[in-house]
Amino acid sequence: MADPILDIRGLSKSFGALKATDDVSLDLRPGEIHALIGPNGAGKSTLIKQISGEIAPDAGEVVLRGRSLAGIDAAGRARMGMARSFQVSSVAPEFTVLQNVVLAAQGASGATFRFFRPVMRDAGLLQTARDCIAQAGLSGREAVPAAELAHGERRKLEIAMALALKPALFLLDEPMAGMGTEGATALGDLLDALRHRAPILLVEHDMDAVFRLSDRVSVLVYGRVIATGTPDEIRTDREVQRVYLGEEA
Amino acid sequence: MSAAEVTAVPEGRGGRMNRAQIVNAALALGLLGFGLVAWAMGETFLVTLATKVAILAIAGAGLNLVLGFGGLVSFGHAAYFGLGGYSAGILAHHALNYTPMFEWPFLFEGTTSMPVIWITAMVIGALAAALIGALSLRTTGVYFIMITLAFGQMIFYFAISWPAYGGEDGLPIYVRNGFPGLNTLDPVQFFGLTCAVLFAVLGLIAMLAHSRFGLALQAARQNRQRLMAVGIRPGGVLLVAFVISGAITALAGALYADLNRFVSPSMLSWHLSGELLVFLILGGTGRLFAPLAGAGLYITLEHLLGGVSDHWQFFFGLLLLGVVLFARGGVIGFLAGGKRHG
Amino acid sequence: MSMILLIEQLLNGLQSGLMLFLMAAGLTLVFGVMGLINLAHGSLYMVGAFACAGVAAATGSFWLGLAASIAAAAAAGAIVEVAVIRRLYRRDHLDQVLATFALILIFSEGTRWLYGSFPLYLNVPEALSGSVTLPGGIRYSLFRLAIIGAGLAVAVGLFLLIGKTRIGVQVRAGEADREMIAALGVDIRRLYTLVFALGAALAGMAGALVGTIQSVQVGMGEPVLILAFVVIVIGGIGSIKGALIGALLVGLTDTMGRVLLPSVFELFMETSAATSVGAALASMAIYILMALVLIVKPGGLFGARA
């Protein structure tokens, strides 16, 4: 088996008496989509934030391509290829689609403190940005301000920005949220293609999408991973059925 | 100039000017024209008034870099303005009184040369902004406003209680400092010099706004979380903008000291910090020429209303309240259309 | 430096700290509950002082003047809230700053129009004039002592109001969640006006009391406003407890710095130099204190957020 891209070892985080993350270990291997599911309040967002570096864990570590990320902040992790989307779409609303993606390409280049040349005439950044926009399926929308995009388009813009980061992996926090069936299917197809660029850790509530797309699924309940396995294994797992799918079954 | 404008312009192929650019050109020509016509008619006072507008516009332009583009509401920019003023005043004071400023590590007798004074003022302004910015940027929002205000006040009280350079009474500059090749005592020559500095500063800010740094700075205003997520730390970008901003506003302070041939703690007062903010909202926040439009309108109103009533600030307060509550685009927003940000 | 002078200055620091608390409490409540930064709070302080001076001069009674200061400041606060402030809750901080800056111009210039630029002086009421001898033989102004007492009483009252009463519960709920409190059937507009008027009344009272010791003039509220901001930054925005601790720290640091720093520098400098260096540093002491707090706790001593 190939070495994992991302390896999470014994991650724990408490807020007061609440154990939001309780000794979580999981990994992400090349080419896979690893879905993270769990009921509301299970601690998915807290876990994602510890991986992305927005909050520091109390114990445990996050390892990217064999290198511990302890002490590296969110910006540093992004530059190492940790490409993240947010639960609520997070883009620069006044910038156009192109400007947003150029910003991401600029971030990946690591050279921000340049004061003279116009950034929107930087052929290298523009080329990268246009490629990523095309791959995310937003061609033709380059000049539209992000604030005027439809919800699904803004999701695609986040994907384009993630692509511009030369991702080692994608951390996608509920990308399907708020999308219609058609949009979710289209986005699912996009994610399916993306896994070959970099593996995806996918937090998602849309169970159809999760079971259709994922290679592996981990179930998080009260901050603990209660099961990890293929979609079929998870579907038939007793404990998962009891505590999680049980509400619907 | 709104964010979309700033960064969208270079994509075009040039040629036709858009409406905002026409308004900007009209503002620049208006200032120059007003000063020159006043000079031709022998109205020295009006030339001085136009010079004052240009200088305040430079100070406002410094603030605009952090406020309009970076979204930082600094309520302490009088600090840099006053430090620039005192740089000019103190250097000239030593030179004119033949009292060396310091004798170690080398003898320095002060100077009356504007270029040297300007560089000193900008370095002092940048250093102060670096210190204050590094502390203030640990916070956001309303804390940031209060803290910048408080640090500005700290420098104000220091100037009042430090007796060496006039304390509360201020420090006169007996003869306006000189610029190589110009007679700065001639109002129109000083006006021209000031306008040249203003347009150079506006050009610099336009260039910064279009650069990689400017893109990150404008993104920091809109969404710091997103900026972090693409690998750029907002703190560093904002601090650099704050330092450049402090240097520009200090340069304006040095010019202002030479305009009045006098420096006093009133240049450091928080009213001035407030007025700089007022210029920007009157002009149209986030637009490149907002400081010029705002300072021009403010000085015009001061002159016209002040002629009618001693209590012109009462009416100005009502007007400002009206603009904030009901006309958020400012002058340029009104003339050029388009939406402003922030 | 004698012990007696030191204790006297400590009491002065306590007194100015408590008056600062009256200012800061209103500011921090208004920010905590409504999310509004109000620069015009200093104007309400000034309104209180002028109302006190006006009514005391007309009736000859300081006490009527004091009552008038509270009533006038509360009324001015309520009017301003309904006419202007209410439109600013949903605006960004820049608009709040500029609109309340405009209010300062209107208040200051309006007051100058009515009363002129010359300072007014208030007489300390007969019953509180003169000084008392404290244990240890320290003679101290009775009026200042009364101000300390009044400040402490208001602080206790405010803690009881916020901690124990129905209005306090609503205020605390409003800080936590505006939608929820509206859902509970509280008339949020009235609550906001009430909180604003309460803060204004405290500022007006402080203005009248401090105006009696110093003088009553246009612009008197502005230095106090900025000190109150320093207090809030130190204490943490939205926290009444933080405002009290911060106000006492600032009041004591400022007063003691002015007395002590020049004599500290006298130990290794000649007297005139020590006086000017000490005075200059003393004027910066509270801001240095603020910077230190910021370095250690960017959210303030009792702040929930930065």
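The chains carry the letters A, B and C, assigned in the order they are written, with residues numbered from 1 in each.
Operating definition for what follows: a residue touches a chain if its C-beta (ideal position, glycine included) is under 8 Å from a C-beta of that chain, and two chains touch if they have at least 3 such contacts.
Here is each chain with its UniProt name: A = ABC transporter ATP-binding protein; C = Branched-chain amino acid ABC transporter permease.
The structure displayed is predicted, hence computed values, not measured ones.
K.L.:
Give the identifier of the chain nearest to the protein's overall CA centre, each chain being represented by its own CA mean.
P.N.:
B
K.L.:
Which chain lies the greatest distance away from subunit A when centres are computed from Cα atoms alone?
P.N.:
Chain C.
K.L.:
Distance from the CA centroid of subunit A to that of subunit C, rounded to the nearest Å?
P.N.:
Here the centre of subunit C sits 49 Å away from the centre of subunit A.
K.L.:
How many angstrom between the C-alpha centroids of subunit B and subunit A?
P.N.:
43
K.L.:
From the C-alpha centre of subunit B to that of subunit C, how far is it in Å?
P.N.:
For subunit B versus subunit C, the centre distance works out to 32 Å.
K.L.:
Hunt down the residues of subunit A that sit against at least two other chains at once, touch-wise.
P.N.:
Answer for subunit A, listing residues that touch two or more other chains: there are none.
K.L.:
Going by the contact rule at the top, pick out the subunit B residues touching subunit C in the complex.
P.N.:
67, 73, 75, 135-136, 138-143, 145-147, 149-151, 153-154, 157-158, 160-164, 270, 274, 277-278, 281, 285, 311-314, 316-318, 320-321, 324-325, 328, 342
K.L.:
Along subunit A, where are the residues that touch subunit B in the complex?
P.N.:
Per the stated touch rule, the residues are 52, 54, 73-76, 78-79, 84, 86, 90-96, 98-99, 102-104, 106-108, 110-122, 143, 145, 161, 164-165.
K.L.:
For subunit C, which residues are in contact with subunit B within the complex?
P.N.:
31, 37, 84, 87, 92-95, 97-99, 101-106, 108-110, 112-113, 222, 226, 229-230, 232-233, 237, 276, 279-280, 282-284, 287-288, 290-291, 294-295, 298-300, 306
K.L.:
Sort out for me which residues of subunit B touch subunit A in the complex.
P.N.:
My answer: residues 2-4, 7-8, 10-11, 207-208, 210-216, 218-219, 222-223, 225-233, 236-237, 240, 341.
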